């Protein structure tokens, strides 16, 4: 199962709630303002690093770059472009958007 | 693979429609099929033919129209959501059609994946 | 909600295919229209003979609280519609325990009987679906 | 007292326009004056004459129009925000006028209080 | 100064941020989904009760009632209708909306 | 942003009155349009000879971060406009220290020099204004 999160974790509870609902084999893709959840050294970094131990986390690179965050991404988070986004959707049996 | 897309937000105000478009374009380039794009909630505003963004900005309505024409994508605007937001045949861009929510459910049934973009 | 029922047109033959549809509700009612328009989709979905479940978590649990009186804000109270879902054979309604408790709510506060499940069960429910719709 | 009102969200989708309306009505009943209502961001959608809500629902566009007519309120829709969202003279409800952002600043200068309703 | 908050405190950071920026004499008015911040027994009750010790907090009753929350309001929070909202705006020199 | 400048019409004589206007920015850029359209208001405000300040707090601090490259999302990068504000005599730009630190940012990460102030000072700044605009 693929979970997409498009909200900033310092503004809303979407990422937090998503991370509490990850089942075995589930992956998370951070898009739009959700990519702020992919950053090092923030107040939400720790919980993301914790989730990263058991689940793959991806971030949409065009959104990272738009926001000037290209040098701040947590090690282990995989960067994808829109093609990678499509592949992730195809690889997982279903997609859930945390709006 | 056959994808359905659901867009819940209007153009420019939220990034949802932009992301959905770039996703759809990538999917097509990779050989997938976009079964239908369903516009719900404020998403219905993506279909207004009166939209006129600044000249140096992307034209969200027209690029959906073009993508749909080039790749035979069904662009469906929810009638109930559209009526309460002032979208009617009168201001509907060519290439979009107004129909019922059943089209969304059908898209969920017919497509291999339904991907939602919203706020 | 009669306007929403206008467009049931089965262009392709969907008969026979039964998928599991989950409607995820995470937003409070009235402040935004998502709760109401989500419910409009659910009512239409009933006509398609699919396997439909509704999940209420985070602020979504506020949608199904008893005692809503909307006259003062001049907005239609749509909460009685949840009581009507049974008549459409939509009977799988889940509330997440943790979300309910964080908001000081208990089982008897809901407008219809809800299945109360923990976050882990909610996650399993989400995983078991073919289509997950969130608004 | 003279109030200015700023509305940042569209009708029905967010409660902002409802709250602003009920606030404005109460203010008028208490003897205050509403100098201007300025519609910005998705707020511009509050001015569409094509809006057609369900019959048992409030008509947000028309009740602004009526309140403005009854109490001489200036309903101003931001031109830049309106263009990128498909609001033009063509679909503008009577009683609203399209103008520039300067009208918002002026409202801030001229009114005793500027009250914002948004998301 | 009057601060208005229209966001649910369990979804967004608006109330939390507002409460960190209260100066002497400032009041808070909870409206729309913001009225969920006025409730007893929730995960955000404590911080609101704390703020209530030094600042008046109001909640818009029509919004409370719409959401079925009429029996759950924290003691000490004052309920107002739209007339009361207007009075609060008139009484304070400026209004800031935490959107 | 030339479209935004279309409507400066002073119907009433506002000359002489100088009020303190504060623009409060609490939202991240690009995910929503608020940051961009807020900036369009600020540019217009410059023509009115008012006392203008800009505050960036919470996710609003992300608006003024260096190194934004928006080609990949096909949206216009408006961050260079913050550099142009000086030319409009808009020079009072404040960033909240706590917001900046919670996001791992430091003074040198901003596209223009910003006054860094604590939450208490930010609260005092807000209090000292005649008109506070938030989007």
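Should a chain be cited, it is by its letter among A, B, C, D, E and F, assigned in written order, with residues numbered from 1 in that chain.
The criterion applied here is as follows: a contact is a pair of C-beta atoms (placed from the backbone, for glycine too) under 8 Å apart; a residue touches a chain by one contact, two chains touch by 3 or more.
For clarity, every value in this text was computed on a predicted model and none was experimentally measured.
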{"item": "For chain B and chain C, chains touching each", "value": "A, D"}
{"item": "Equivalent interface positions on chain B and chain D, same or different at half", "value": "same"}
{"item": "Chain located farthest away, centre of chain D as origin (C-alpha)", "value": "A"}
{"item": "Which of A-B and E-F has more C-beta contact pairs", "value": "A-B"}
{"item": "Relative to chain E, chain with the most remote C-alpha centre", "value": "B"}
{"item": "Intercentroid distance (Cα basis), chain D paired with chain C, Å", "value": "32"}
{"item": "Whole-Å separation of chain centres (CA-atom averages), chain A against chain C", "value": "26"}
{"item": "Residue list for chain E, restricted to those that touch at least two other chains", "value": "6, 10-11, 13, 32-33, 62, 81, 94-95, 97, 99"}
{"item": "Chain F residues counted as touching two or more neighbouring chains", "value": "3, 30-33, 58, 73, 75, 130-131, 134-135"}
{"item": "In chain D, residues with contacts to at least two other chains", "value": "8, 12-13, 15, 19, 22, 41, 54, 57, 80, 83, 114, 116, 118-119"}
{"item": "In contact (per the touch rule at the top): chain pairs", "value": "A-B, A-C, A-E, A-F, B-C, B-D, B-F, C-D, C-E, D-E, D-F, E-F"}
{"item": "Chain C contact footprint on chain A (complex, rising order)", "value": "1, 13-14, 17, 20-23, 26, 93-99"}
{"item": "Residues of chain F defined as touching chain A within the complex", "value": "27-32, 58-59, 62, 65-70, 72-73, 75, 77, 79, 102-104"}
{"item": "Interfacial residue positions of chain B with respect to chain A in the complex", "value": "1, 3, 8, 15-16, 19, 22-23, 25-27, 29-30, 32, 113-119"}
{"item": "Chain C partner contacts - residues on chain B that touch it in the complex", "value": "6, 8, 40-41, 78-81, 83, 99-106, 108-110, 114, 116, 118"}
{"item": "Of chain E, residues touching chain D in the complex", "value": "4, 6, 31-33, 60, 62, 81-83, 85-87, 89-90, 94-95, 97, 99"}
